[in-house]
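Worksheet: one structure, shown below.
To keep things simple, chains are lettered A, B, C and D as they appear, and every chain counts its residues starting from 1.
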Amino acid sequence: MCGPRDCTGAERDAAREVGRLLAERGAVVLCGGYTGVMAAVTEGARSAGGLVVGVLSRADREGAAPGLSAAIATGMGEARNAVLVASADAVIVIGGSWGTLSELALAVRRGDVPVVQLGGWQVLDERGEQLPGVTRAADAEEAVRLAVA
Amino acid sequence: MCGPRDCTGAERDAAREVGRLLAERGAVVLCGGYTGVMAAVTEGARSAGGLVVGVLSRADREGAAPGLSAAIATGMGEARNAVLVASADAVIVIGGSWGTLSELALAVRRGDVPVVQLGGWQVLDERGEQLPGVTRAADAEEAVRLAVA
Amino acid sequence: MCGPRDCTGAERDAAREVGRLLAERGAVVLCGGYTGVMAAVTEGARSAGGLVVGVLSRADREGAAPGLSAAIATGMGEARNAVLVASADAVIVIGGSWGTLSELALAVRRGDVPVVQLGGWQVLDERGEQLPGVTRAADAEEAVRLAVA
Amino acid sequence: MCGPRDCTGAERDAAREVGRLLAERGAVVLCGGYTGVMAAVTEGARSAGGLVVGVLSRADREGAAPGLSAAIATGMGEARNAVLVASADAVIVIGGSWGTLSELALAVRRGDVPVVQLGGWQVLDERGEQLPGVTRAADAEEAVRLAVA
């Protein structure tokens, strides 16, 4: 699950719901492990008894979301975005930021996992047209259904 | 310098020109080190006697562009995109691909280096509006001028 | 918990016991996630209901130990040794291999976590003398006591 | 070329000589890019007109050795040791430190490049015996000859 630190209340609610639904399906949730969308998905998954692993950019746990089942302090800075995306069976993106966009791009680049976007930024090619590779979901439930399918 | 393996002839020409101009200004050129835009920028920089370091995704040099002054075989897969971007004083992006987009996003995310785009994909926010952080150049010369400024 | 793929029966037993004892104390166990000592510590920790995260070198889960609670497929090759070591609150090393030695060295290099060794290789300085930084344990119980202290 | 920040005058001299000899043979020198042995090898290689790439642990160039032809600011902390070692055609280790030992171990772990040690620490197996994989050189000249062979 990818998403920005700075997010709207609606994005936070969607992330919490996505976390809860993933945990109910028995999925292990991976996220960046800090605030905003990351903390919300952690909260949601934990409320349903799920397992959440935070893949942190820092080499220590400063600022990590409370409630993470485990934290991997990669110490790799933003290169951890690639590690996070490489480790997932599906990627759900909520909201927009440049860090989040890098995760979306790296996920589509993989080519072998579903990439589902809930709100957030848009990417167009040089002619202003939509690019294949990302599926848009209308809400948390649809996002999880598309990701876990 | 970031850009895709698969590129148009015009993108290749622009990359060659960017490489040449950077070398003429005495800049060390960093790139992903493979084919397409990466090979073209290498060719251009070398033609002007410049230094080009390829930051490779693989742990060996298979497929590396001929002419690289040095190759760093990171063995990190796409996480090398973050290493490449972290090591630059300015980032010029030519053409579009998901890997290239991840580099563009990571570069803007840094917030402390010029990010210049020549052609390629567009990123819009949730309302369909342009986002700050990337400067568009009309041609190779303007791209280099904006990057090195 | 660090250790080689190729290990003796005694090392395997010690690793299983270390895993069990860590889980009983409520510790999350991090390991490299493959066979040998890594699989044994996973088995031990899981037998006591513990949580085990495998920090894999590969970008997929091929060859990962069965029973891992979660796997982080870093795709970074041996650079994952540094990630594993950076993420731990204490490092227990069982048995010897060059990969394991790199983890031992990186752990002492950190300077802020206990590094406990059970059997395995020895490192001497240029005069053939022991170096400070690693504590030797006689058995699994002592290793865990020293690590968790 | 791997070696510690804190080194003796003799190690510094040996590193300078190794750098010079590598440059004379046309080899590109890779090193960790900071002070001590790293700065000395850089100095030696540059004095002979050679190319030196520093693979830095930090995400910026603070503290980088003067004279580097190019710096790769990996921002990966000690995981850059693995990147450095993965990128070399041969590894020469001068002097001892835990970081240096991790590079020695990762280099032998690769199994496909010569690993040559000049002074520094010793690694023994559980029975106190020498391990294969590292060749000891008597001086800088022998080290370079064994590495480049």
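Quick note on the criterion: contacts are C-beta pairs under 8 Å (C-beta built on N, C-alpha and C of every residue); 3 or more make two chains touch, one makes a residue touch a chain.
For clarity, every value in this text was computed on a predicted model and none was experimentally measured.
Between chain B and chain D, the least number of touch steps comes to 1. Shared contact partners of chain B and chain C, listed by label, are A, D. When the CA atoms of chain A are superposed on chain D, the rotation angle comes to 180 degrees, reported as a multiple of 5. We define each chain's centre as the mean of its Cα atoms; on that basis chain A and chain D are separated by 39 Å. Taking each chain's centre as the mean of its C-alpha atoms, chain A lies 27 Å from chain B. Along chain B, residues 59, 74-79, 82-83, 86 each make contact with two or more other chains.
Chain contact topology: the protein chains form a complete graph, every chain touching every other one.
Residue ranges on chain D touching chain A, taken from their complex, read 59, 74-79. Residues of chain C touching chain A in their complex: 28, 30, 51, 53, 55, 59, 69-76, 82-83, 86-87. Partner chain B is touched in their complex by these residues of chain A: 76-79, 81-83, 85-86, 96-99, 101-102, 105-106, 108-110, 119-126, 128, 131, 133.
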